[in-house]
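To keep things simple, chains are lettered A, B, C and D as they appear, and every chain counts its residues starting from 1.
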Amino acid sequence: MSEIIGFIGTGMMGEPMARNLLRAGFRLKVYNRTKEKARALAAEGAEIVDTPAQAAVDGGIVVTMLANDQAVEEAAFGPRGFAPALGKGLHLSMSTIAPATAARLAERHRTQGGAYVAAPVFGPPPAAAAKKLWICTSGDEAAKTRAKPILDALGQGIFDFGEEPGAANVVKLAGNFLIMSAMEALAEAFALAEKNGVAPAALANMLGQTLFNCTVYHTYGRFIAERNYDPPRFRLDLGLKDASLVLDAARAARTPMPFAALIQQRILSGLAKGRGGLDWSAMALGAREDAGLG
Amino acid sequence: MSEIIGFIGTGMMGEPMARNLLRAGFRLKVYNRTKEKARALAAEGAEIVDTPAQAAVDGGIVVTMLANDQAVEEAAFGPRGFAPALGKGLHLSMSTIAPATAARLAERHRTQGGAYVAAPVFGPPPAAAAKKLWICTSGDEAAKTRAKPILDALGQGIFDFGEEPGAANVVKLAGNFLIMSAMEALAEAFALAEKNGVAPAALANMLGQTLFNCTVYHTYGRFIAERNYDPPRFRLDLGLKDASLVLDAARAARTPMPFAALIQQRILSGLAKGRGGLDWSAMALGAREDAGLG
Amino acid sequence: MSEIIGFIGTGMMGEPMARNLLRAGFRLKVYNRTKEKARALAAEGAEIVDTPAQAAVDGGIVVTMLANDQAVEEAAFGPRGFAPALGKGLHLSMSTIAPATAARLAERHRTQGGAYVAAPVFGPPPAAAAKKLWICTSGDEAAKTRAKPILDALGQGIFDFGEEPGAANVVKLAGNFLIMSAMEALAEAFALAEKNGVAPAALANMLGQTLFNCTVYHTYGRFIAERNYDPPRFRLDLGLKDASLVLDAARAARTPMPFAALIQQRILSGLAKGRGGLDWSAMALGAREDAGLG
Amino acid sequence: MSEIIGFIGTGMMGEPMARNLLRAGFRLKVYNRTKEKARALAAEGAEIVDTPAQAAVDGGIVVTMLANDQAVEEAAFGPRGFAPALGKGLHLSMSTIAPATAARLAERHRTQGGAYVAAPVFGPPPAAAAKKLWICTSGDEAAKTRAKPILDALGQGIFDFGEEPGAANVVKLAGNFLIMSAMEALAEAFALAEKNGVAPAALANMLGQTLFNCTVYHTYGRFIAERNYDPPRFRLDLGLKDASLVLDAARAARTPMPFAALIQQRILSGLAKGRGGLDWSAMALGAREDAGLG
């Protein structure tokens, strides 16, 4: 494989993903706002460029893995954005962003003859490094076919949700919402248990072996029972971004989501108390504190 | 094993449990309010008795598997209750009841020299039939040891939560709360998906293979995506009982549980709309209707 | 007026009410569990009796003003209860209790040929002393006519809600719910204001002169803006009783009340933090704390 | 008074406000996007102009009364915006907008030497016509002094909240939030009453004469009890705008507001059911429907 891929955004997730592409034989032009963070990839053969525009080749592919909607729009269509250089090529957009943003980006690329595929991922940085991401896709069929070799080099499975540009983003938001719901539910259950003299760890252990024997409950059941929030795997202030994306999408779709609203408030309260830098599962402290547990 | 066990309550759950005890070689004296429902067990060797009291032998063991707290208290200490006949024996209490009720029953048995073990179970009727229940226990250690052969004949695993009489009931309520939380979260996620053109079944499929690859999400993800609520596996009106037990325990323990409060309201609304006889996962209709989905 | 009235319950509210009846010329037989608290009324001409039963005369009237449902049921139909002595007389029940309890009491009195009128009141102890209570009534028409002179001596206005025994209790619970809702709404508005640099007192002042120029907002707007919770006018732990009565009635009537559920949780959290002895408006501390305001 | 005032936005509120300024002797240059709607004011002496820019005179005053944040920003700083023409003059901004928008506008005006005063109002269109608005102000002291004659001609009272540009907007949002909270609380109370056989109108009548004898409860108590939602006084879809402004401000200030979140969901559900054109008090239908009331 010798196609040159542009790769924009080498943060906690993007950096191991870019490395996996290099190891799979792709040639990469890498851009990151803080150039220093892309340095390690140079040693593995990536070309580090100075602007998003320089990452693109006409008709090629650019992957974006950035912090939020604004960063993606800026990278593509900002003053030094890659879209003009990419032309009729493919923007493979892997960040967690709003479905409405995806729709807008897809439309702008289409206008210039280009393609846009949404491909947000589930999995923390270690999963990215181990090629264990789960990837959800949506967009034009031909473009998804073109993106497939790249996605195969990044994850352990791909789930497709059709041609509507933002569909995969809806799924990603739904998934994150479900994870946060599980965290809040565990937090409340543990508070009830603890105030009745039952150790949260014992409850978590039982749940994890029986009804809830899956990754999310194993992982967060343990973190929350042990109040293990530092260092963060995924920061609480980024959790606010995701919860807010969920609620914004819900507002746009006229869909009341009371659990989601409650989750956002838990996170807001955590941020108000200075916990933005803890793991997002620290939202579980809210239920404890409400119950007077120190 | 030739000990005679009293077994009280042969409803959807109790009937297959009693059958498993018979097949494991226990001799049973069975009481059910509606005698007809115990009839099938007679063919397998159970002795059907006319009052709870007749199910007990002095110093023996009585298992209760009944619909609610009041039924258990009545069976043990009501006018024709078994407690006097049981004397210093063991009450093995497997119903879903309040921790406070468990504590009160334990105290009353203790007063007469008897023992009380809480052993509520997780699993639907088919799991009861297949000896696949998960059983949580709490109470006096010696009494739990005595109860073990019976529990081994009923379930696939036992999780112990110490000597506090109501501890296992707290765990049972926490577990049911977590199941109901998962149902509401799925309902909201599916509503968001559907209003954005993503099929709930496709979302459920992805979740069940990735982040939430466990029984609860497999089972209810499918039921809710397919709106398969009839016939009920567990009735919505019994769901109200469980949600209310959770909130009552939370009130007693001064533990705010906002998800639990919301769940109770979803169920109340379902009952107000005449859905008490549907499966408890029909609480998921609330999120759909709020979003204007017919 | 020389009829002898039984008066049971001389707490914060009952004591000034009984005094007003004495001053209006009624002769009273007064019972209070803690006899000492009734002593001051003896100086004003009341006869202090030793049991609820002694407060009743056959075919007469007994007023109850007690802390909760159980206390009222005990006073009327407990071992030393007044119902047998009252016979075909009138039980004028002024406590805040559940509609279902009112219905049960009415039925039991009816069975013995007696009458029951629900007459719960709005107003704090100073309003009781000043004959400024608002009184809601329900029950048999003839019995309400008989009760009228007593109620006229206690309040500034009577609102009737028909013959259904518990109707006035529903109205009382609805009113208390509305007060608590106003407190929570003020608490959230003040937290938003304070975090944006707007003084809650300035906001309260504007509201009280414009849109919300009524007693509840004047009173609680000031208390909450000033965080003036001690001494209590009405204790937070009694607030839990009222919030729980609202939710129990809502559960019985299959009526989801999300604001009510939230209010109960605010109060539970306050109690978990040791604030049961503060004024019930201290539930407003929850919104502050959630926002990280110390 | 012969100063020429620019007036932008002659909708339901702006039109009667502009008329009052004319009648108070101010000379007006009026701009409205739909010019037709400004026509009636011409008959009373207003000069109708074709762009926002034409409404301004250098160093003068421009009043804006528009539907949302974007419309205000566009009118001031858009391609045909009035800010350049206004120069060092005063922008008197009376719309309901976000505090953050106010801060941004104030900063931009300040940059060009101009002034910005926030002066949002409480009151429906008839109150605007009757000069009965309540006006909240914030901003530079000298600018507020300059604005005072205009505000005196529009309302019955002015409440000032200091120099922070967005402070008055925070107060306006808090006020609208309190009104919506009162509506939801009434809706739940009425549903509880109705399901217990108590007529909402009877409850509303009692409340309005006693605890809640103020405009908001009188007005909405009657509307909601009578389900009088059409024609709208203030549309439900505009209610979503206001509820969302409240939550956006709460998010920005890290202030959880659970009542506000619930209100937004009630409104979303109403819009999902096609009620955007009804009065915003139609959000009360949610509590009814949840209780199974047709």
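What we mean here is this: a contact is a pair of C-beta atoms (placed from the backbone, for glycine too) under 8 Å apart; a residue touches a chain by one contact, two chains touch by 3 or more.
Owing to the predicted nature of the structure, the values given are computational and were not obtained by experimental measurement.
Student: Quick one: which chains contact chain C and chain D both?
Tutor: A, B
Student: Expressed in ° and rounded to a multiple of 5, what is the rotation angle of the C-alpha superposition of chain A on chain B?
Tutor: Rounded to the nearest 5 degrees, it is 180.
Student: Mind checking chain B against chain D and telling me if their interface is mostly the same residue numbers on each side, over half, or mostly different?
Tutor: Here the answer is same, because the shared fraction of interface numbers exceeds one half.
Student: Measuring centre to centre with CA averages, how many angstrom lie between chain A and chain D?
Tutor: Measuring from centre to centre gives 38 Å for this pair.
Student: I'd like to verify one number: the distance from the centre of chain B to the centre of chain D, where each centre is the average of its C-alpha atoms, in whole angstrom.
Tutor: Comparing mean C-alpha positions, chain D is 53 Å from chain B.
Student: Would you mind listing the residues of chain D that make contact with two or more other chains?
Tutor: Answer for chain D, listing residues that touch two or more other chains: 250, 254-258, 262, 265, 268-269, 272, 290-292.
Student: In the complex, go through chain A and note every residue touching chain C.
Tutor: Touching chain C from chain A are residues 258, 265, 268-269, 272-274, 286, 289-292.
Student: Could you please specify the touching residues of chain D with respect to chain C in the complex?
Tutor: 99, 122, 134, 136, 157, 159, 161-162, 164, 166-167, 170-171, 173-175, 177-179, 181-182, 184-186, 188-189, 191-193, 195-198, 202-203, 205-207, 209-217, 246, 249-250, 253-260, 262, 287, 290-292
Student: Quick one: in the complex, what on chain B touches chain C?
Tutor: Those residues of chain B that touch chain C are 240, 244, 250-251, 254-258, 261-262, 264-266, 268-269, 271-272.
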